[in-house]
Structures are given as C-alpha cells and as structure tokens.
C-alpha cells in the first residue's frame, strides 16, 4: 500500500479531481496549503512598495492506493495538473503500513 | 416657497441612506461570489460611486432634469454643467434646496449601475466595467430617468413622458432603476458568456454573514430610496415607509416558504433574496397600496422571483447573482401589480383592477415597462457588443480560474491564517 | 394639531434606526456562536422581522394601541385590523402621522422577539422558533407593550395600566422590551435544556469583528429607540440622546474594568457586552437622569451584568449568549435605578431616592418590573412546554453536533478556501 | 430664538452618524492589520468612545466651549462640569438644544483620538493606549478644538483664536481633527518605534471586505460630520453634503488611477484610501468650494496622499495604517486648497487664489495649519516620551509576534474551523 | 516508531480526542481537511437547483507512537469515531525514521 | 529520499523559513494545524469562567530532502525554532518512495 501525496495549483484542482475519478480513484483527502519553491522568490508591487513573494496557495491531495495502481494515478495527476509553468507542484509516494476503515474496522486493501 | 427645515432634514438623511445602499449592495453581492473574486465584486459597486458621481456633476443631472429637448425623451445635457447654477439659497425644489435634490437623485444613478454588476461576477475585465458604467449611465440611465422621474413643474418644465404624458405610477423607480438594471444585466451577460463551470458547479456564496449584512443595509437604505422619494417628511413619506417595512417582511417569508416546500429547507440566501425581491417590488408601488396590499405585492413578487431564478439554468444565460431573476422579475411584478392592488385609500389615490379601477392603470404600467425594457435591452446589448469587439470585456480563462481579485487587484479578500500567502 | 415636518423627519429616521437594530442584533448574536450555527442564529432575528411585521399589520397594533378592553390590560385586537384606518392625512399622533407611529412601534415588537433568540443558540428547531415568535409576541409582548407604551390621550383612550395608573417611568422599554425578553429567554431555555458540551467547552465566539459590528449597529440604532421615544425632535429627544451616549460609554468601561481586575485582561466581547448592558440600562432611565446620573446607571448595571453572566454556570440554565445576564439584569437595574438616580433637573421632572424624592418612584418601578417578570415567565414557560410536547422544539443531538446551519438551512456561513466543501 | 424641529432632527441624526464613524473606523483599521491583532485595533477605537465620552461630560465640553480664559487659547474647564447646566428647554445653540450640540461635538473628540490608533497598530500596550487617549484629548484636542470650533457668539463668548481672530476657514475640522490626528500619529510612532518586520514583510490587510465596510460607514457617517457642521438642515448643509459626495468619489478615482499607472493594478485598499483621503480633504473645504472645486480638492489631495504613504519607508517611521499619509497630508492639502479653490459662489462666500481672491485666505489657512502642527507635535511627543519612560508603551517582542489579541485580550478574532484553538 | 494518520468526521473529533487522552496519548497534531469518498457522490438541492456533492469536511489527526502502542491507539480511534455510517473515515500508519523534540533536541522515543 | 515533517510555533515560522533558505533549502510545503501536547492541559479564564486549553495553533512544514541533507535541515529547524519553552514542537522523518515534478515529469532527486 502506498500513500500518494500531491501538491498542485489550486486552479488545477477541479480538473485533477475529475480526471482521477474518471481513472477509478474512489477516495482522497484534500487540504489547502502554502508552497515555497522556485515559483516564489520574485518581487511584487503593492501600494507602491515592493515586497518579496514567498508562499503561494497550493492544494495538497493524499491518496491511498495499492502499489500497482500508484504509477497510473501519478501519471494522471502529472498529466492533468501540468501547465508547463513553474510551480505546478510535486507528487511523492510513501510506504503505508496498514489502513483501517473506521466504519467497519476492515483493514488492508478492503479498507480503501 | 421657503425652505422647510423638516423636509430638508429628511432629504439629507434620505440621500445618505441611498448612498449607503451601494456599499450595502457591494457586500450583498460580494458575499455571494467565491472568495477569490469578492473584492472585484465589491469594487464594481464602489467604482460606480466615483464614475457616476463625477459624470452626474458634469452633464448627468442636466440630461435627467434639464429642459426637455422634445417629446419628453431627454433633458438638455448642457443646462446645468458643473452644477454651479444650483448654488443659491433661492434654488429650491419644493421645500428643499435644489442641490440637495440633485444629491438625492445622483445616488439613484449610482446604485442602478451598481445593480447590474451582480450578473457579471467573476469574469468581466475591471477596466471594461468602468468604461461600461460611464457609457451605460449616459446612454441608458439618464434618458430613462428623465422619462420617469422628471415631473412637469420641476425646475425645468416640461419633463419626461412616462411621468407626465403616460402618467404611469412608478413611485421610486421600479422601471428606471430595477427593470432597467435587470434588463441591462441580461443583455450584458448574453454578450459576456457563462462562467467556467456554470451549471455543473454550485458557486455557493463564500460569506453569507456578509450577504445578510448587505441585505440589512439595503433594507435600511431603501427607506431613503422609497420614503425619500416623497421629497419631504410628510404623510406620503410615512405611508411609503410603512409599506417598505411590511412588503419586505412578507417578501422574505414568501421566499422562505417556497424553499421549505420545494427544497425541504429555507436558506439564508433565500431570506436575503426575499428581502430584496420585496423591496424591489414595493418600490414602484409604495405610494399606491394599503399595508395589506403591500404585503401581497411583496409576497407575490418574491414567489415569482424565487422561481424565476431557475430560468438561467433552463435558458443558459449566466446571470450570476440573479439580477434578472430578482430585479427584473420583481421590478416588473411590482410595477404591474400597481395596476391591480392600487387603492384610492393610499396616497396616490388611484384604484387598480381589484378595487374597481378597471385595467386603465394596468395598461399604463405595462406600457412604461415595455418601453424601458425595449430601449434598455437594445442599447445595452449593442454597447456590450461594441466594447467586446474593441477593448474586449471578458477576462482570460486562466485569470478567471485563478480569481480576478489576485489578477486585477493584486489582493486576496482574506488573510486569516498566521502564514501569509501572496502572489498568483 | 398639524403635522410637524421636523418631528416627522426624526421619527422616520428613528424608525429606520430601530429597524436596523434587528440585523445589528443578528450580527451581534451571530458572531458569538460557533461558525456552524452562525446562519441559524442570524435567521432567527431576520425571520422575526417578517413574522412580527405581518402580525403587527393584522392585529398586533390593535392589541397594543387599540381601545383598552378594561383595566388597562389589553387593546381591542379588531380595532385597526389591516391598518387601513390609519391611512389619512388627518390621522396624527402628536405632530406625526399615526401610520408612522405604528411603524416605529412595530420595530419594538420585532426586536423584542429577536432578543430572546440569543439564549437558544445552536439547538432550537427553526420551525419551532418561527411558531414561538408568532405566538409569543401575541400572548406576551402585545399585552405588556399595551401596559407600558399606551398612554392615555393616545388615539385610543384609555391606555395601559403601567403607563397611566401606576405611572412607573419606563421611557423606551426597560420593562416591555428588555426585562420581557430576558425573562422569556430564561423560561425558554429551562424548557429547551443545555447545549451539548455546556460547562465543559468554552463556546468562544467564532467572529468577534462581527460581534463588534453588531454592537456598533445596536448603539447606532438605539438612538432611534431611545431618542425616538420622544416622538419628536425636541429637547426631550436631545437629552435622552445624550444620555444614551454616555451611559453606554460608561457601561463599556465598567465591564472592561471588571474583567481586567477579575480575569487579568479586558476582552472585546466584554466591551460589546458592556455597551449593550449600558444601552439596556439607560433605556428606561434616559429621560429622568442627568448626564452624570446616566453614567452611573450605565456603569452600575454593567458591573452587575458582568457578574450575573456567571450565574448560568452556577444554576445550570444554558443562556447561551447571556440574554438573561445582560437584558434581564441590566433592564431590571436600569428600571429600578430610575427610582434612585432620577433628578428633577432632567426632562421627566421626578426626583429619586438620591435627590430627596423618597422611595415613591422606586416602589412604582419595582411593581412594574414584578408584573412584567411574573406574567412573562408564566406564559412563556407554558408556551414553551406546550410547543415541546406537541411539535418538539429541540434539534437532535447529531444535528446539534453537525451544526444547525447545514441541517436546517443547507448552508455554511463561510466558504473561504479555494476548495469547496459541501454536504453534511 | 425658539427650537427648530427640522434643524434638531438633522442634528440628532448627524450626531448618530458621527458616532457611527468611530466603529466604522475600527473596522476600517481592524481589517487592515493582521488577523492576530485585529481585535486590539478595534478595541482602541471603541475604548475611546468610553474614555473620551466620560471626560467630555466632566470637563471636556467646558475646556472646548467654556468661557475663553484669554487670547482664544482655552475654555474654562470648570464652567459646565457634569453638563447639568445644559439641562433646560431654554439652553439653545442656534435652533437646537445646547445639550444636542454638546453631543455632536463629543463625537468629534472621540473620533479624533481613535484616528491616531491606526499608526500604532500591533505594538502598543492596551493600558498605555487608554491612558494616552485620556491625556491627549485633554492636553491637545480640547485646546485645539477651542481654537477652531468655538465661534464668538456661541454660548460662551468670546471663543477660539483660529475661528475668530485669524478667521481661517475650517468648516468641519481639517485642522482640529485630521491634521491634529495625523501629527499626533507621527509623534507617537516616533516614540513607539517600528513593528517587527517593518520594511521587509508586506503586512497585507487580513480582511479587505471589512476595510471596505469600514470605509463605507465612514463615508456615510461623514455626512453627519460635514453637513452636520452646518448645525441645521439648510442650504449650507445641502451644499456641504453634495461636496462630500463628489470630492470623495473623485478622491477614490484619483487613487485608483495613480495605482493603475504606477503599479499596474488598482487595489481595493486603494479605493478605500482614496475615499478617506477625499473625505479628509473636503472636510475643511466643503462650505467654500463649488461641486467642481470639490472634485478637484478631493482628487488632488488623494493623489498627494497616494504618493505620501510611501514616505514612511523612505524616512523609516512606521505609520502602520498611513494615518500620516492620509489624514495629515490630505488634511493639510484640503485646508490649504481652500485658499486656492474657494469660490464666492459657494456658501462661505470667499474667493481663493484661483478665483481672484489673492493669497489672503491661503495665508490664513497656512497659519492655522502651522499652529496646529506645531502645538500638537510638541505636546504629543513629550506625552509619548513621558509615558514610555514611566509605564512603558510598547509590548514585548514575543507578545508582538504572538499577537496582541491573544496576549492582551485573551481572544482570537476568528474561530472559523470546526476545531477550536485556544491558548497562547 | 509509527505515524498514525486518521481521517474522521468533525462531529466525532471531541470524543476521539477525549478517548485518546484517556488511553494515554499525550500529543497529536490536528488539521482540517476535505474528504472525497463513498460518502460524496450524491446530489443536493440548493435554491431549487441540483448540484453534486464531492468534498466533505473532515478532521485529520496525526499521532506519533511507538510501534507497540499503535494498535491500541488505532482501536480507540476506530471504536470512538465509528457511527456505522458512510464517511466515518480511515486510519493508516506509515513508518517513521526518527523524531526530534525541537525544544530539547532529544530524539527517538524520548521525543514523543 | 526523506520527507521531513516539522511542527513548530507560528511565531517561529518566519525565522525558520529564512534560516532554511539560507541553508540551501529550495522548497517546502506549509500548512496551519493545531497541536495537542504538553503545552496544553492548562486552564484559562474567559469572562470569569474557566475552561481547559487543548489545542494550540501550530505551523507544519513538509520538506522533501535527500537522505544526506536531512540531518542538516533538521538541525537548522531545531536550532531556529527552539525557544526552550514547552510546545516548541517536533520534527520527524519518513521514507519517501519517489518524487515527481508535475511540470516536467522528472523524478527522483531531479524533482526536488
């Protein structure tokens, strides 16, 4: 079992969500985060004064998936979320020990 | 005639109240859009306070209340340029200084323009809106306001054709303000097109407490709008004031009831919408109906609007915040119901269909409505098209998705967390 | 007597101001609850504008200001049904149109009902609240308002017993409005029971900026409430206005001081509460005390309320937003302190205990308070019980935890993020 | 002279409107700071309603409008202690009760103090602020208000030197209120020092919808401020009212234009700032210019302020919310431009430089400004220094970073999530 | 060392928190998230128009625990948060390399 | 590859961010969370009534880093965020399977 974590642009979220669903993903957990990265580091003008831009709104997706499905899911995310511009985000995977469904107590693959 | 300090006091207040309606509207609208375009929505209303205000001084007042250029269609735009001509203790309009009357009427022009903006939420270029506001108020509002609000015997005799020749009853602007704004909204969104996601996404209000605050300020300000249209603190003002309370309350209850029955729950946005529908409907009618009549006008119009807001999904025009469904529909309903519920017991002294007055007044009302609808739609649609072909009025798709607040104003409405997020 | 345009101007404004108090209260209350029930809280106030407004036209005004049915206990409910009888230039109440007086008084009925809602936050069925509002205003408010506000020599002579026979001083409604609402709140929460988590969770306000805005609108509107009760723009209105400023300021400072000393820090909610306590206390007293007396009335009542709000934890009644602690306690304090601080230098021309007037006025004040407390508590408690046994007034535990906004209105107050969350 | 009910009605309303400006300012300021100090910002304004209100009753009114102690510098602080002397039907100021005039002027003192607080956002001890407010209003505001607002022929003849001897035109308080507050802000932040992060962090507003609401309430209330300064509902009030509309609109547009040209986008905060700049500038000038003149005064001052707010980065004083940039600069601009744009067509009947009146009036204006700037700066700076050396006026670094709301008021402005966060 | 991540209904949060504390859990980190899953996918009516429900408010708990305690903690969560209705949530565990307490620099089990 | 997760006090965030950047960290993802721990558990007085404090605002940082850099990054965080007072927070590391950059599809170390 793997946990796929993706950081994407807020504007890409709706399309990614739809694409994932179309690809058979049944569940995920979404949160709003701020990202620092290459995209920041520039300067903006506000009321005539300049200030540096650091943090930019991002959306984080967490998707539990079986090992064999992970690759496909990552591909869908990368394809849909990429606008070819800096700040499109990252996707990473971490190993998962076990999953339990709260409602039933089922665990493992049956829990997803 | 001398100045009447009581009348003047009430008109000073009424003018302030109607001014407050525009920020009230800004909050009412601003709360209904998504957080990412709340500021832009608010700005559309605020900027009209500046643009229309300045134009009003230059030639707007003249076009509306200047000497009629013929047939009651338009005032002479040059008559009062700069308004210095009104600077005299002797320049009185009834019992109040004419400059105060000019201030009061300026606020009507401002809010009418601002009302339109609810329909174009999320997707109109800010610069294009500013330009549209200035041209539309000139080509559409001033002429129609002249038709409806310039009574013979005012400072520049003769006045507009609807007020005088037709003698339709539009006490405070059901036609010139609400139908006008509603029709303009429809014409403009037909040019502008739908929001990305229209029909599939809910677009729920981002801040309903702000919507309710806006609705409350609108109601509060509307007393200036309606009872202020009596241009004095008198019996007429008192009756129109009372009717503005009860029609609105009834409008709110009616909308809540429709929702409860149809959807299973009554919403806050429904309460706010019913309030506005009731206010819109009683605007033309408040001088001509009894309190019970006012409740019926408010309730019936609100029910019509509660159903009418669904039409945009059926016909596919994206009237984002239901300017058409509320202002056009309830404006029309209120204007026509004058012909039905008018009672000679009320100050206007006219009997409508229900009180044995026949269809006479109803027909006059219908003609006034039709004239405003026709003129406004044609001119607004053409204006929208021309602006779109020249400077372009719609934001880019990416800008719309990212949110017009960041793109056009470099701001986010809220930075509530401890971690500051900037940029785009 | 002829219409006085100055008086009428002020009463038009006062009526608008008192109307604004109810949305002001909605925000004041709405900001104090948790985000998940903010809309429901706001809706309880708004809906009373509709329900009470409509009933007022039908029979409410008649029950309050109709010809007394005997002993000063109730007006004739049928006398002015529909209020068309007030539609005449000649129907004057002092220097203002009677229909305007009816509008002004309607707003008092609306806000009294709305005040109660703060006590039942988070856990009352919305439908049950609507029903309660309509019945309570009929059975409790109209009779008591008749007792207190219907002076002999009004349009339907004779009037109510507290105003005329007892001659207690309640200038703008310490008994009929604030004690009344506070007692009703207490009776209703005794039937309704405590919120899930009462006593163990803090239930901190979800939006204190909104609370402060609400407090500000209340203060602003209260000038209409108090100075408007002079029914004219005169010396009496000016004094009551001034006292409404300084009693409120002193009330705020006093509450902040209590907190600073007792808790180590002064809170924003404390400032808002002190403002309201000061306003409540000066309501009955504003015509009978000097500015210094007003400051004392405001400060003393506020201190009492600042301590009284803790009683709910002690006695175990869940008065969510301290309607009892603020409105009942400060209403009572203000009403009784008239008997102490009244000075014949003030417009009412009565001397209280401190100015050598003896206990005479104090006893009258106490009798009025006791009568209102007794009648209101009994009828409200019975009404609550009957509603609870029949339709049920309390939401289910899961609904309360999930939040009444989603369950009863299908809405969330805020959708501030870029990611839309719906459902329940 | 007898009471005029129309004048009285307008002044009752004006007083309520000016009262509302202070909460309006609280929101305008509160929205501009970060979420962690929003409540503290709001509290600074509210508490001045209490502190200044109470002092006003005791000796403030006397210091301002009491019999001049000599040379037009100060009123006798003991003359009206407690204000009971104003409790009489016969105590009239023009056509209104003197107690009402005292209420109106109290509101000016309150807001002037509150205006200063915007400069010290995030970092001043709350207790120190309360103390500062009480002392500053006594040492600085009352004397200067006496100079400017106490006209000979008022209840205590003779009055202040600027109003009478110099005869500078400051219709509603460009010097006594805005320049005064702006200079005090500058002096106080020089003592207080910069916020942690000043110059490197953006400190963007945490809630711009609240800023816009605040700006709207300020505009609305300002009609009471300016047109109320006519002390009657007359031609003068009407002209000043009109000018307050159009100068403000023009001020807003001008600021937006500066931003568009300089930064590439027009901001919401820019609109709000332009509104306030326009309002400030027209305050001294509204009685002496034509509508076109008003637009120019508003626009020019707003442009100056739009550039002036950048000076704090250049000179390194941390005027957090631009009290100096907006109130001092536009207050100065408006006061001086009276000497340029005054037209004898306007009610004040004076011609400025542009209308052939020479530099006479301009020089008078400059003297008045210089006197206020000099006196205010010196006394405020000394007062700040003394307070800092004794009780200390600055919060600790950790407190500032954690946020003064939690530290000083034990509250957070918002608890929007389902998960309650407490503590520090 | 394991990291237990739990997604639960907001309404269950208070009880879960109390139960965990009773079970000896001394610390956790809480965030507000949105969940997509079986619970969504239905349609709601708002102002007479229908729209699909996707994302629903959830609370995410993160609890660092020693390997041997994890099972017990998960049991407590599942027991307390289950209402037997769809959307009750998931609990999963991921391996943790090391933990450090910021205040003291202690690491490993001592840091929890 | 490792994922470093740090929970710190909001007041420390700006300094940590600057220190990390100075130490060569190019990107991270930030979120606002609430923490339960030793720091809570006390009682506060509000309006004269006492109530227990549970949850306190914290900031969570997530930083993807190569194994060899992780130690250094953790040191920077601990050094900068420590105020020697309870509640300063935790830092932990979890193994990462793989990382992909959305914009380019690059994976592994190249993606950070």
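For clarity, chains are labelled A, B, C, D, E and F in written order, and residue numbers in each chain start from 1.
Simple rule for what comes next: contacts are C-beta pairs under 8 Å (C-beta built on N, C-alpha and C of every residue); 3 or more make two chains touch, one makes a residue touch a chain.
Note that the coordinates shown come from a computational prediction; the quantities given were computed from them, not determined experimentally.
J.: Out of curiosity, which chains are bumping into both subunit A and subunit D?
T.: Joint contacts, listed by label: B, C, E, F.
J.: If you tally contacting C-beta pairs, which pair wins, C-F or A-C?
T.: C-F
J.: CA centre of subunit E versus CA centre of subunit F: separation in Å?
T.: 18
J.: Give, as an integer number of Å, the spacing between the C-alpha centres of subunit D and subunit C.
T.: 33
J.: Could you put a whole-Å number on the gap between the CA centroids of subunit C and subunit E?
T.: It comes to 44 Å between the two C-alpha centres.
J.: On a C-alpha centroid basis, what's the spacing between subunit D and subunit E, in Å?
T.: 51
J.: Would you please write down the residue numbers of subunit D that are in contact with two or more other chains?
T.: 4-7, 9-10, 13, 201-202, 204, 207, 213, 233, 263, 267, 269, 410-411, 414, 416-420, 422
J.: Please output the residue numbers of subunit E that touch at least 2 other chains, ranges allowed.
T.: Those would be 10, 30-32, 34, 45-46, 51, 54-55, 57, 94-95.
J.: Which category does the touching pattern between chains fall into here: line, ring, star, complete, or other?
T.: Here the contact pattern is complete, since every chain touches every other one.
J.: Using the touch definition from the top, list the residues of subunit B that touch subunit A in their complex.
T.: Those residues of subunit B that touch subunit A are 197, 201, 398, 401-402, 410-411, 419-424.
J.: If we count contacts the way the header does, which residues on subunit A are in touch with subunit D in the complex?
T.: On the subunit A side, the touching residues are 45-49, 51-52.
J.: Residue numbers of subunit E touching subunit A in their complex, please.
T.: Its residues touching subunit A are 2, 6-8, 31-38, 54-55, 58, 60, 74, 77-78, 81-95.
J.: How about subunit D: which of its residues touch subunit B in the complex?
T.: Touching subunit B: residues 4-7, 9-10, 13, 17, 34-36, 95, 201-202, 204-209, 212-213, 215-216, 219-220, 223-224, 227, 232-235, 237-239, 241-242, 245-246, 248-250, 252-253, 256, 263, 265-269, 271, 275, 290-292, 295, 345-347, 414, 416 of subunit D.
J.: Would you tell me which residues of subunit B are touching subunit D in their complex?
T.: Touching subunit D: residues 3-10, 12-13, 15-16, 19-20, 23-24, 26-27, 30-31, 38-39, 42-43, 46-47, 49-51, 53-54, 56-57, 82-84, 87, 89, 96-97, 99-100, 102-103, 106-107, 126, 207, 210, 213, 233, 408-418, 420, 422 of subunit B.
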